[in-house]
Amino acid sequence: MKNIAILTSGGDAPGMNTAIRAVAKYAMSKGITVYGIKRGYAGMLNDEIFELTPKDLGGIIDRGGTFLLTARLPEFKNPEVRAEAVKNLKKREIEGLVVIGGDGSFHGADLLYKEHGIKVIGIPGTIDNDIAGTDYTIGFDTTLNIILDAISKIRDTATSHERTYLIEVMGRNAGDLALYSCLAGGGDGLLIPEKEFSIDDLAMQINKRREQGKLHDVILVAEGVGSAFEIAEKLKGKVKSEMRVTVLGHIQRGGTPSGLDRIIATKMGAHSVELLEEGKSGLMIGIESNKLVTYPISHAWESKKEIDIKDYELALTLGH
Amino acid sequence: MKNIAILTSGGDAPGMNTAIRAVAKYAMSKGITVYGIKRGYAGMLNDEIFELTPKDLGGIIDRGGTFLLTARLPEFKNPEVRAEAVKNLKKREIEGLVVIGGDGSFHGADLLYKEHGIKVIGIPGTIDNDIAGTDYTIGFDTTLNIILDAISKIRDTATSHERTYLIEVMGRNAGDLALYSCLAGGGDGLLIPEKEFSIDDLAMQINKRREQGKLHDVILVAEGVGSAFEIAEKLKGKVKSEMRVTVLGHIQRGGTPSGLDRIIATKMGAHSVELLEEGKSGLMIGIESNKLVTYPISHAWESKKEIDIKDYELALTLGH
Amino acid sequence: MKNIAILTSGGDAPGMNTAIRAVAKYAMSKGITVYGIKRGYAGMLNDEIFELTPKDLGGIIDRGGTFLLTARLPEFKNPEVRAEAVKNLKKREIEGLVVIGGDGSFHGADLLYKEHGIKVIGIPGTIDNDIAGTDYTIGFDTTLNIILDAISKIRDTATSHERTYLIEVMGRNAGDLALYSCLAGGGDGLLIPEKEFSIDDLAMQINKRREQGKLHDVILVAEGVGSAFEIAEKLKGKVKSEMRVTVLGHIQRGGTPSGLDRIIATKMGAHSVELLEEGKSGLMIGIESNKLVTYPISHAWESKKEIDIKDYELALTLGH
Amino acid sequence: MKNIAILTSGGDAPGMNTAIRAVAKYAMSKGITVYGIKRGYAGMLNDEIFELTPKDLGGIIDRGGTFLLTARLPEFKNPEVRAEAVKNLKKREIEGLVVIGGDGSFHGADLLYKEHGIKVIGIPGTIDNDIAGTDYTIGFDTTLNIILDAISKIRDTATSHERTYLIEVMGRNAGDLALYSCLAGGGDGLLIPEKEFSIDDLAMQINKRREQGKLHDVILVAEGVGSAFEIAEKLKGKVKSEMRVTVLGHIQRGGTPSGLDRIIATKMGAHSVELLEEGKSGLMIGIESNKLVTYPISHAWESKKEIDIKDYELALTLGH
């Protein structure tokens, strides 16, 4: 393998820069030339491709975001667009491509391999932790800690009036962020897309806590469930509590990547190059059982990741 | 002065616990007995008054919130209610009262003094920094840093799509938090209650940045201006940008108090006891010119605090 | 199981409070009475045992340290001392004991079981991550992130003079903290007890980086290797670099527990009660393969935990 | 004023980057061309001067360190060296120079003005806060908060053994950092260069706290007093306490600048350009009485900054 390229695609995830660094540094240590592709597949099409030097990799290990940027290119679904884009790889004799992103990005990579023979490896990067084949996606741990910090600040409230705080957190259609911030943050309630809930039950639990003398509660609401504002509206008439809604929003996508995110980003990054050197392709890397594993890249969208029921039940048990 | 009491009232402000500690520790070092009143004036009425011991003060210097809690008691406007409440002070021979809170809390203190002779000192605690007579209120600096951290996370966004982020911050009717987070956070735009603005001008500035090649901008919106969501709605048709709104909400009220907040809380706390020992009353303490100052307590609501025009203009200049 | 007790022993580890909360809350939810033992085995001997209430568990989930405190009691090696101590459990009809700490603490627990039939479960809590039977000990992730934050601050140095920073981190005789902070922090060099090193080789690598134009480097030194100050002294004559030594010290033992630490503390805590309810005893809980596992409690000291060689080599590869 | 240059000199101070940004952005908004000089006076001599563009200023507002770097050039004391260096300014028609650093750096600037007519403005940047003419130097507030975070972590210690923690902090010959971290961090003892102390008195206070049942104490030691390790050695035989020494070291020089540091850096930065535009020279800017002030640049080294005695006494009073 003489020349490889890296791109980041999909939503921001803290740790993407760390992964780029690991792919590039490891490859350079093996004498491989590394190209960075700006703005995901859009940049590939637009020939925004440049050779990476060690200087580009300095000071990014602990920086949120990705210096290669991301972009959406719906047209990449079109085989002609892909054929155009891949010319920009071929003309530089780029044989391998590492894609850091979500399962949407993996689709595009898989097609580049099947249609044009570019060897591709996918590294799962998304704060939502909703990619099958890995216990952790790059970005999840950092975001979890951002949410926990927000919960701690909200819990500092010193009002003696009865309050229910609904905190809406990201996750797309996955409840992981909500579940683990509830478990680790001592949340009192938890609404995740994987589990049905009823407003009346929720109201009943809240009122029960009021009767037991607990003044405040914190309910984690995964965005996949719906708007926390709407849920608060529905609760209003039914609970002895003032409602306060916090939608954490985009602060969840940024910030210095955590230790765990940097560790998995680094290990996955180096491993992607090892796999390319072995001539492998069409694989995604994951962390399972605290070890690096690989799956066919389609595993990311073909399999569904399940929520850990035991952890869910524990969160509810400790919440009441 | 043999016995004094402390209460916290109004909205949460990080540093309130630090102030309580300073008042109490300093008073105890002078042989004064110190009572804590739970839940502000509501607790005073309810006789939720207890003697503070050094043990109560351990481990609170860096804790957000206030362990004495706060509460609203609209009935305190009623002189009979105040007369009832003050009995609970008199029966313990409490001669002095330190009130940590906003100007609303100072009103109640002032009346206790005028009607019942309890010597009162007000310490300004609110994240909004909207109390006249002091450059800084306890809580402002911590909240400023929370907002700056949020801005940094939002600026990590790696999308190459044009985006305008509106960040709605607290402040009631004051623009201080928005102004100084804009100045210190490199915000591109700033909407504060003290200054009129037009949606069209705002849209024009945003489009101008797009033309200059600047992909993203961050606009600070003080809550006193209105809802950032509504402003985003109005901008939608007029700008080449996707709008993203973040309402930081209640994370702005909690968290470990910053160094500056702890310094002014400590100095003001100790000074309140000095003033009581000197037989002073009906005063509020402030930090002006980096020194402790006192004003008649009514100064807090009789005078209006002005925004620093030079700082405002500098924020706009550096934003474009 | 009607009555259980909890104690924390050994060195501080962030997340101990979270574990106590989980053990107690989960047990209370099953109708079990929970006792807290202050000051480890010293407190057990001294009858510093008290019933825990929900109130004790409020506000501790995100607090560093342990409110039950720890202490050393070398005398606990003496069977008569153990017999005395256990009387304080027996008189309260305490049948189960959860010990949160390191392998030294597990020894004592094991003997209480073998000699007196108290059912014991050990939860591994130590920042050093040196307990066999678990991928992570409670406290390790938090401390890793504290070290990474220190590395980031040190790397901000703007001096253009050639500098080598040696950062001495904790770990007792394990190199985990040094290894993973090197890997995740982009360290240039790494000295761990598990691997021999030579001062001359280290000097050679440092000088090589100077020749390649790299101004500064950061070397992680596990405390089990020796004093970073002494290593710096030995390097002085051999390298083109000013040496700067930072011994992080006790800031590594405190602070808000991270998300991961709180998750494993919570899951292990609840599981310890499940095991006791099942009549199990003499076991330690671990996290292996991202799942809860149990081992005979002696596994903690009978087995030796190995460093991950692949991760070690990756750290060296990416460091040069 | 058509062309100005900026350099940073002396020790690192968080907020230097923010100051550079403000000088440059403000100047550019007035149509002034701005040059950056790398590596302080060494870079000026070496002609490491380049025109700054807006791109250079993006993303640095919240970055520790200074991207212009610093360096020591003892030779700058030599007028011939200065004459050589200033040629590199003259050939670019640079008329104004903003120097961000400590009083040492101001000396050099003053001489450039007196000997060669370059208009110079000094902005005080140092974590030590030891420059006369300003209440705050850029970097002090950030470092204060770093120390406070370290104190909080150390105070989390859960050992029930008697311990005295000595924390050695920076400050050169000033006690400000030690004083204000003691005041805001609830330190029990304080050793600063401005005040004599005796080991026996210190030992007596420590033993007194032991008798009063206080298990742990934290003593802040300013580096200008001496080595905390040596003080610990002297205390060993005299106190009922295990000694633990933490030398915070270089983590105190880095990190994201705080809100206050960014505000003063930004205001001072813009003001330096205003002064140059007004034809002023040979001045240093300070923050006094919460307002920008100017002094002859020599004020920085001719006047001695005094410690605030009242704050010192308050720190002692609240520490016991």
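The chains carry the letters A, B, C and D, assigned in the order they are written, with residues numbered from 1 in each.
FYI, contacts are C-beta pairs under 8 Å (C-beta built on N, C-alpha and C of every residue); 3 or more make two chains touch, one makes a residue touch a chain.
Being a predicted model, the structure only gives us computed values, none of them experimental.
Listed by label, the chains touching subunit C and subunit D alike form an empty list.
The greatest centre-to-centre distance from subunit C, using averaged C-alpha positions, is reached by B. Per-chain Cα centroids separate subunit A from subunit D by 39 Å. Mean C-alpha position of subunit B lies 28 Å from that of subunit D. Those residues of subunit C in touch with two or more other chains are numbered 152, 155. If you sketch which chains touch which, the chains form one closed loop in which each chain touches exactly two neighbours.
The complete set of chain-chain contacts reads A-B, A-C, B-D, C-D. Per the touch definition, subunit A reaches subunit C in the complex via residues 18, 21-22, 25-26, 29, 59, 61-62, 135, 141, 144-145, 148, 152, 155, 180-181, 183-186, 256, 258-260, 262-263, 266-267, 270, 288-291, 311, 314, 317-318, 320. Those residues of subunit D that touch subunit C in the shared complex are 8, 12, 14, 16, 38-39, 42-43, 63-72, 146, 149-150, 152-161, 165, 244-255.
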